[in-house]
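The following block contains the structure, expressed as structure tokens.
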Amino acid sequence: MRFFTAGESHGPMLTAILEGMPAGLPFDMEDIDRDLSRRQQGYGSGGRMQIEKDKVRVTGGVMNGMTTGSPISLIVENRDFKNWRERDITPITTPRPGHADLTGAIKYGYRELRLSLERASARETTMRVAVGAICKRFLAEFGIEIVGYVSQLGDVVAQLPSDPDYRALYEAAETNDVRCPDPEAAEAMHAAIRQVKIDKDTLGGIFEVVALNVPPGLGSHVQFDRKLDAKLVAAMVSIQAMKGAEIGHAFKQAGLPGSQVHDEIDVDEKGAIHRRTNRAGGLEGGITTGDPIVVRVAMKPISTMLRGADSVNLATGEADRTAYERSDFCALPRAVPIGESMMAIVLADALLEKLGGDSIEEMKPRFDALRGNRLAD
Amino acid sequence: MRFFTAGESHGPMLTAILEGMPAGLPFDMEDIDRDLSRRQQGYGSGGRMQIEKDKVRVTGGVMNGMTTGSPISLIVENRDFKNWRERDITPITTPRPGHADLTGAIKYGYRELRLSLERASARETTMRVAVGAICKRFLAEFGIEIVGYVSQLGDVVAQLPSDPDYRALYEAAETNDVRCPDPEAAEAMHAAIRQVKIDKDTLGGIFEVVALNVPPGLGSHVQFDRKLDAKLVAAMVSIQAMKGAEIGHAFKQAGLPGSQVHDEIDVDEKGAIHRRTNRAGGLEGGITTGDPIVVRVAMKPISTMLRGADSVNLATGEADRTAYERSDFCALPRAVPIGESMMAIVLADALLEKLGGDSIEEMKPRFDALRGNRLAD
Amino acid sequence: MRFFTAGESHGPMLTAILEGMPAGLPFDMEDIDRDLSRRQQGYGSGGRMQIEKDKVRVTGGVMNGMTTGSPISLIVENRDFKNWRERDITPITTPRPGHADLTGAIKYGYRELRLSLERASARETTMRVAVGAICKRFLAEFGIEIVGYVSQLGDVVAQLPSDPDYRALYEAAETNDVRCPDPEAAEAMHAAIRQVKIDKDTLGGIFEVVALNVPPGLGSHVQFDRKLDAKLVAAMVSIQAMKGAEIGHAFKQAGLPGSQVHDEIDVDEKGAIHRRTNRAGGLEGGITTGDPIVVRVAMKPISTMLRGADSVNLATGEADRTAYERSDFCALPRAVPIGESMMAIVLADALLEKLGGDSIEEMKPRFDALRGNRLAD
Amino acid sequence: MRFFTAGESHGPMLTAILEGMPAGLPFDMEDIDRDLSRRQQGYGSGGRMQIEKDKVRVTGGVMNGMTTGSPISLIVENRDFKNWRERDITPITTPRPGHADLTGAIKYGYRELRLSLERASARETTMRVAVGAICKRFLAEFGIEIVGYVSQLGDVVAQLPSDPDYRALYEAAETNDVRCPDPEAAEAMHAAIRQVKIDKDTLGGIFEVVALNVPPGLGSHVQFDRKLDAKLVAAMVSIQAMKGAEIGHAFKQAGLPGSQVHDEIDVDEKGAIHRRTNRAGGLEGGITTGDPIVVRVAMKPISTMLRGADSVNLATGEADRTAYERSDFCALPRAVPIGESMMAIVLADALLEKLGGDSIEEMKPRFDALRGNRLAD
């Protein structure tokens, strides 16, 4: 499975092509639009989210409500485009620290920094969410579900159980506009965002995405580029503003002895094998264990700050202060569905590799015959 | 640039093929052997390191002491092989928690867990270090250097300056057998490993790898799979026992406001642009800034514990205790050169993409003409 | 450089994303539309070409008339779509021999053969031509030009000089509607198509595509998948209805002794090295020689024949005769620009690999410094 | 499935790594050595074939006579190496027309042409044959067989039936040293090679490789780079000295009307669908039909001619005559197993994609459940 996205933040439309999805997957535009809508909602977001109400249009790869196996092409129009086309846009020449303004300009030889930011903007993630929603639908055919929520926003840390019911966490998180399952922390996060607006500053944090009911045996240890944990952290850090990722609580567990980290193994009288804990976060040797896959992702605060930052005007060569471009104060709640999407994409690809085949009909019996965590297998 | 490794922990030899290295790179076997030797040394390692003294043999792609542009093939013989061939090896049927024993067996249908562990073992990293040493040599042609050191071992955290001289840290780290630049912490780490041996337990920790003198403009923001930060964390987590990675102090910075995270930009009277700090860890928008690239990696404690762990014997179906297979108590110091190697591989690939061409001679003037952090460019 | 196409023959639109084109390439929509128009014209084509007048729309990757280095997204609307949406379309259940009707149905589990043909149709090549036109524009920056013409149509073989001026051949070919540079043969080809219409049959033939002014040193012999000749024949045979391809007159030369096949080498007083002939078709060892690259491609006759063919109705299980779907009698003249496009894509990719870099500005001096067929180099 | 080869013609050894072969494939070294031996035998070969008796050594990925799913590493020692190491080797500076001597030197900046030819030499194909033999063994698990034979040598064309029993052709071909199934033609081919030795010239020709019992539905029409016919011709032309390839008799059929080219479809009383002919060569729309896959490959005469050729001495800048390096007069019979190997590699990869999974045990029931050319499916 392969995909590309294309399109600029203020261009006419965003585009994606998803190649390798099997035939016979029921295709529901509302699946996609629901996640697109989740991506647009969250406390701390800027004005644009009021302008855009993203709706996806499928332009290839789907007939009679089912995928055909052909590449799926998707577009989302930028409703803002018309306004922009008519405006006289001043060139940006003072790079914002933390954004791709300066690095992109040096790489591509731009004289105008808007050429960097138009593509570097997180607007691009719209299409990742659209592609991810299709992958979620594919995984759902096999009972696999992906959920996500915020666990830390700024310095406010949610209190979460050590062996949680992830579905319940997700449902709790979806009830508030910071996507945090701990109501008290949610309250405090809300307050933190209010304060940061007053401070004209920005906030990041940590979110977690979790895959449930994944069969054991996806990914592989045999070659460096086939390890599923490596693919998952790459998928997360490939998202705009994400700077780190860990499987389970890897950084905390790095400080503990092995006897407190590894998950001891049990067998019940029916021959079912299970681990007593899931500190491994669902992956051993780069292969799924069958337990929930838990990935934690560190997001930096948004680079565009209303208070500005010291920089240099590349056109004049003088020290300058960055200008404010409409932006979020905290985009963390909105990052959750993006993280879910990237996880869905990685897992759909891994499942396709395990099952092979070209149609859902062909894959279903193969899935049912997979070896599991059972002595009999 | 592409590469594969092959070979088992107790097979006759390990092999690697590195495809895409340009012609005309001076090739010194000692470069490789020095890093192979670093990989074999560190306090806390088990008995095997006394058995193996790895020496690489180059069997293709090098003539008259220079690379030719043809694929480079490398082998390292397993000196232990002869002993193993003659022994009567009892099958392993009780999986060790944390290792690929069980997940590999379910994936590939093994009845004998040795088939998992023979390839999942970190013995494989020998060839990554060999390939990485060639990439380091390539980067050195352009003045780029890669260093690494331990910053936390178990719960012992080194005190490191916030804006360090990374070369000095590296040199300090190389003077002790836990590879830690802070001498007091090194002492305490040493003690922690002594204790864990008594406890028959294991320890992990955190190491940092840093690339110096990397030009700005490597990597790209334009497509999800071209972001250099994503490639770097994937490279790290693809190493056996690594479960998380971050660019700079991403998880800590996730708790701070943007004004304390982003690196403000200065220009000096000569028109040189620089950032006042390097909290970004050398990457903005998935593109290098020209500042040191800093990646921090979380290693879990080794899975094989002398004290054993509860598990199940897959052959009998009974609960069982894992057996001890000769192993390290703490492999963190030895992980440092492996991390350096993976970073070298990722950066060599990114530099090759930027420079193009087929020989060092062809690349040198291109490198010298690269746009940099200068107003004039 | 990577690209995908998407979209169905009678869907709302066709889409392509081209990833990896450098920044700073002047982008002219008319370049693309001219080749799209060439793809739609040729004697022997069916009714659809009168319906569609393809116009490309660029929806990403281009700002102010220049590429930005971001992925380029392109769409071409199917004007026919509206008509189709309103019609009541009878399912096709009798596969046409030679088309992907039956093989696609078996692969993807289709019950309705339209799902195969909608994507298998050569309508898809519209987007290859659009992508190819951008690649031609890129190559033109470096003086490289790609031309094509028909050399055999049905059993009518054009008389072409053994060491031709390919640009002149191309210009002559563009003056007639069978794209053949030999006017007498063009006449006979025209007659052959007239006859085949009367016979309710179809015709194929052979076309040649040629790249001029390509520098030596593109492609490589060092690994099987880097040979440029292999990439070129694959690109050609990947086009709908193409079943074979050769570099130069490979099949004829297979019958001659080496002394009549290999191109002897001369040097002139200025130290310029050249081959006396170009029987190698511009490639030795999978690497360009600097001489014109000549690829000859065998196209089978169109599968959809007005006379029908014996087949089986998969719905009833009875023997049946294929129905006629509007189609061409001979699509060979229209295949020429498609072949040119695939060649442009392969060569643009090879040149990007040789030059590296991210903008035309960065590539130009690198191109000028390339080693050539000169003693001094 | 991925693989690389490495090693030089006169280096210490040749190496290959094959990544992605499933676990549980019985592994017989003799399978490989038999094909290696076939690659070394054929009338018209030079002296080296008497020196080398290639034996493969497996150094990874196989335990207890079965593949493990880990990468398979293979080496073949160059027995000639010792002799070469001790000799004083004069540099080659006069490029042979037709070889990669000059193109490789320009590409990589070589001053000594031996650096080109050491890797460009067909000695490299040893490892393709080794890898191909494993793929043949894999395909054989599913009843798929690959055969090959010479159909034209120089201007001597074998008379072959239009709808042959390919297995019988293969067996007939293996009885003589030009690998031609037509005994009279074989005689004439033998004579042609004798003559070319007297003429100090070289000969090429055409060989055919055929895959039997391939299930329908491998490959795909949905994206340009997934067409199996394109992959097959690329695989063939990637072999040293191959300049063209066609599916079936593509170039001949390009001259015929559609009614004489397309394979009409029948159904028998049991509901089995079959084509009356196999002019399509086993592929429609880039997807297998279930009929024999027939690929015809044009090989140019060997470049190294005992009579020499006009060239230029790059060191002196003077016109010169090429020197003779020990070589074959006609390598066509020996090319047949190489072509078979490349076909086996392409088809093993396509079958792995269709079946998915990680072990032969997992794949077998999936294969048995594949949809076939039956009405019931």
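Letters A, B, C and D mark the chains as written, and numbering starts fresh at 1 in each.
Everything that follows uses one rule, which is that contacts are C-beta pairs under 8 Å (C-beta built on N, C-alpha and C of every residue); 3 or more make two chains touch, one makes a residue touch a chain.
A quick note: this is a predicted structure, and the numbers were derived from the prediction, not measured.
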Which of B-D and A-D has more C-beta contact pairs: B-D
Pair in B-D, C-D or B-C that repeats A-C, with over half of contact pairs matching by residue number: B-D
Rounded Å distance between chain A and chain B, as computed from the means of their C-alpha atoms: 26
Intercentroid distance (Cα basis), chain D paired with chain A, Å: 45
Geometric centre distance via CA averages, chain D-chain B, whole Å: 38
Touching two or more other chains - residues of chain C: 4-5, 19, 69-71, 107, 109, 119, 217, 220, 222-223, 358, 362, 371
Chain D-touching residues of chain A, taken from the complex the two chains share: 19, 69-71, 217, 220, 222-223, 352-358, 362, 365-366, 369, 371
Partner chain A, residues of chain B touching it in the complex: 4-5, 95-100, 102-104, 106-107, 109, 116, 119-120, 128, 152, 154-155, 196, 199, 201-206, 216-218, 220-225, 227, 229-231, 233-235, 237-240, 243-248, 250-251, 253-259, 261-267, 271, 273, 275-276, 280-281, 283-289, 296, 298-303, 305, 307, 309-312, 314, 317-319, 342, 371-373, 375, 377
Of all residues in chain C, those that touch chain A in their complex: 2, 4-8, 11-17, 19, 22-24, 59-61, 63, 68-73, 75, 107-110, 114-115, 118-119, 358-359, 361-362
